[in-house]
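Each chain carries a letter (A, B, C, D and E) given by its place in the written order, and its residues are counted from 1.
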């Protein structure tokens, strides 16, 4: 279970999150959609305290951490229950692909090297990069890095997985593969929050959709509800040409 | 006119481009599609010599540069005829947004500060970030950085524009906007090569589609031809569930 | 122990007299050192046959050998060399008329260049190659790219290193005294010789050195802050 | 002020109890041949070292340990109470007397000589130095003071005092030999004569020394008790000829025979 | 010039190497540890301590080594005796090491600080997002990336330290440079050139050895860097 209560965050004089409340049940997959610069990334980062919000609290699996009183220990506890896939991948530059995925298993979860290696290799193969074990991140294409980011998070088997546009650099085939993998994992009870701008992906991966704009949650509900019968005018407008946003523009 | 002849590139023992030939007429918009790790980025980078290919030559607007004999002067000449939008944005981190866009205008094109500022502001406003002039790149969201990357390249008014997944971090609304902007620009005669995995975007933005796989061009033609009547079996498979790659997976 | 504050204060004034000179020489040395060091660093990062190995040898020699030896070598060879060089043009200069200031500046600048070449090389390793590519992609020449994009980013690492070097120079100049240039420490020693108050004189010198450093630190901090480019670096936890 | 006194040295202020020896540290310079220096066997050696050792034999109630450090360090160490006594061929003047305790008896003699080219007879006294090139002087030495006070006393007759490291002794005399400078003013007890002979230089002293100064070991101001014992010991060594003997050993002459300048 | 003299004195000079190297190694190790603490406190901007360390770093970096040696060797005992502590019996070597550690630590902290700041925020975030503790993050991810930036400058600092051991001659400890001074003094400076050539050779050899080791480390830690 993930509960987010009253999260607010301001950068300078730019209020980016204006009080976000969100409850996600175990095994739920939440898709976070909304225009660019709306605060999706900031919300994900606030959940695992990469960004310390000004107000609000986060509860994961019985552990509640308040932004204003959070101790370092609490924060690390919380982070160990989550894993994150970054919009800009953030792979460890000084580690090979294999080491990138093994890292958390060995240092954080105290798994043996051998065990970690087995898990890591399986995950990397699952995202189709079994031939790149010994490459460094700088030697991968964008989509390859993104997949390693996903593999790294998956390998940790966290309670809550936070994914920031995990398919932004992937072609449709690969995206479909990732979709399948995530669905597989969701069945095991892992909770996921996925920020994405790929509406089809959101529709099929999630069982709950949250539409954010401008630091607020505008509307939320089942994919069916949001994509087929959005209540809010803004949601309707955002999704109007979902099937093909470009069609109207072509000559 | 952009002509690419016999480009080959090997990293270590991984042959990434296996002889690419491509001719693009002035004002054409070419969409470069294909699976992740196929060499799209490497091809774009080879065209403006960010990556020095092992073999082959590039001709832009009468200037032919051979990879093996290229002088630094030739390369700079060639680069001044092109501009690039990077997959990972690559904004100048020591410059504000406004400075990022002005930079090339002032230092490379010797425009006056005033003139450069006017152009830059117009471009930034065109991508909807008129309120971020004085922010540094680190303070922007992913999609915002990507849009500044586009604005920076646009401002230079190059003969050939190379765009590497320019809408990967953009929501459908913003993507549609970018599509519109690019179509506008294409009308002025600017040539564009766009690597993208967003098939709808490719379909509507381009008048020529190139499907690459594994360092080869598998098939090329008009969007109509490639997307509706692909000849090659591989192309067909890649595009089979274009309208919705995820549908088959949903329960 | 008898410590006389008044003597110390008097000495500070005396010692202050050497500040402009010491400071000036150190600044000249730093500037030459950085410029030449940058060239060396470039040559190390982008090797050129023959020249690069020579540069490496030179840097290794300059860094490895003690300053006093360099001064000694320069003191004997520089006047000789330049007077025979000038003789070719028909100018006769007695080697011992050779200004010791030039010996000092030459020696220190060469040493500084060797040191800075390594500092600069390290700072360059902090640059994300994608930043360089961004500059190249908009058609910048190498020089434009260096000046506008790379160097500002390199500086955010290098500025504190330059300050380190500058402070070392200011103190290293006490050895310049070997060839007759009076610096802060030497001035303090003269004062001590007159007053027989060694402790007071050394403390006075320390305070003057510290003052210079304080002023410099303030300036360099300002610059360093400017070079953070809006990054909110909360890297704790 | 006495607040900087270490336990050790404050103990020394009390007269030594019967049968109890007080440990004190004496500092001498570490590279000042022939006063005190490290010899080729790596051992501390020299005139002052021998004198200290001789004193240690006869002094009552004290045991002296020698530490060799740089010239500047001896005085700083004396100031801060690390050393009870220092060497270094120091002579007496008002400023020093204010700061330190001097024993009643001197233990050495330093003659200050003007060195000039052997064939140059024009330079004999300090007055002759006006208008000629005098080799630079060390800043922490007495020569600097000597010349400075000459200039103060003779406002119309200024010696050009060059500031700068004097260079080592060989360099000074070589410069003189080569005509780079016309005169070197230097104490004679630093081995100059040996070197001039060694290098076969065209250098000799002026006919008369400029000054003949007594030199002393110097005590920290709180060492009244030790001063008494030290005075006794020095007097005894003078009496029994030990000092004269050591002078012969290191300087080849008994320098206590010189007549002191006022 | 007298080559045989150079050959003659080489063994005498080399005899001082163990002391020189001993002091240098200890001072380098403790100086480095001190530098890490100082840099860390200043990067984290821990109030009060951070300011204190800034003052420490500026004092140590701006004042000459002779002053540090005097402060530690002559000043510290006076200060501590005020608290009733007598440390005069501690060996000169220890005092020397303390002085050099304080000095070296200040410089190295100002090498580590900017090098550390140069590692991008994303790398920190990646590490903490997998749940690493601060120590794990630093040891496994951040420090290895700081090293290639800092190593060339650390090389400078290490060579400086090697040379700075000569300061110890001020309080009578004989390192290479001290031994050189002794030989020069004992020969009245007649063989200055020869002595300097000899020590130049020794110092150059030692520093080359240091640089060789550091280059090895640098290569190792910048493998990922080669694109």
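Everything that follows uses one rule, which is that contacts are C-beta pairs under 8 Å (C-beta built on N, C-alpha and C of every residue); 3 or more make two chains touch, one makes a residue touch a chain.
None of the values given here were measured: they were computed from a predicted structure.
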item: Where chain D and chain E overlap in contact partners, by chain label; value: C
item: Label of the chain whose CA centroid is most distant from the centroid of chain C; value: A
item: Pair with more cross-chain C-beta pairs in contact, given C-E and C-D; value: C-E
item: Chain C and chain E: spacing of chain centres that average the CA atoms, whole Å; value: 18
item: Whole-Å gap between the CA centroids of chain C and chain D; value: 38
item: Distance from chain D to chain B - Cα centre to Cα centre, in angstrom; value: 83
item: Separation of chain A from chain E, taking each centre as the mean of its C-alpha atoms, in whole Å; value: 46
item: Multi-chain contact sites of chain C, meaning residues that touch two or more partners; value: 1, 128-129, 202, 231, 237
item: Chain D residues counted as touching two or more neighbouring chains; value: 3-5, 72, 76, 79-81, 167
item: Touching two or more other chains - residues of chain A; value: 72, 76, 88, 138-139
item: Chain A partner contacts - residues on chain B that touch it in the complex; value: 11, 33-38, 40-42, 87-88, 139-144, 147, 164-165, 168-176, 179-180, 183, 197, 199-201, 203-205, 238-239, 241-250
item: List of chain A residues in touch with chain E within their complex; value: 48, 50, 72, 76, 79-80, 82-84, 86, 88, 90-96, 103-104, 107-108, 136-139, 152-153, 156
item: Chain C-facing residues of chain E, complex; value: 43-44, 58-59, 61-67, 70, 78, 107, 110-111, 113-115, 117-121, 124, 128, 134, 148-153, 155-156, 159-160, 163, 166, 177, 192-193, 196, 199-200, 203-208, 211, 222, 225, 227
item: Complex interface listing, chain E residues touching chain A; value: 122-123, 125-134, 136, 140-141, 144-145, 221, 223-225, 227
item: Touching residues on chain C, where the partner in the complex is chain E; value: 1, 60-61, 63-69, 72-73, 115, 118-119, 121-123, 125-126, 128-129, 156-161, 163-164, 167-168, 170-171, 174, 185, 202-203, 205-206, 209-210, 212-214, 217, 224, 231, 233, 235-237
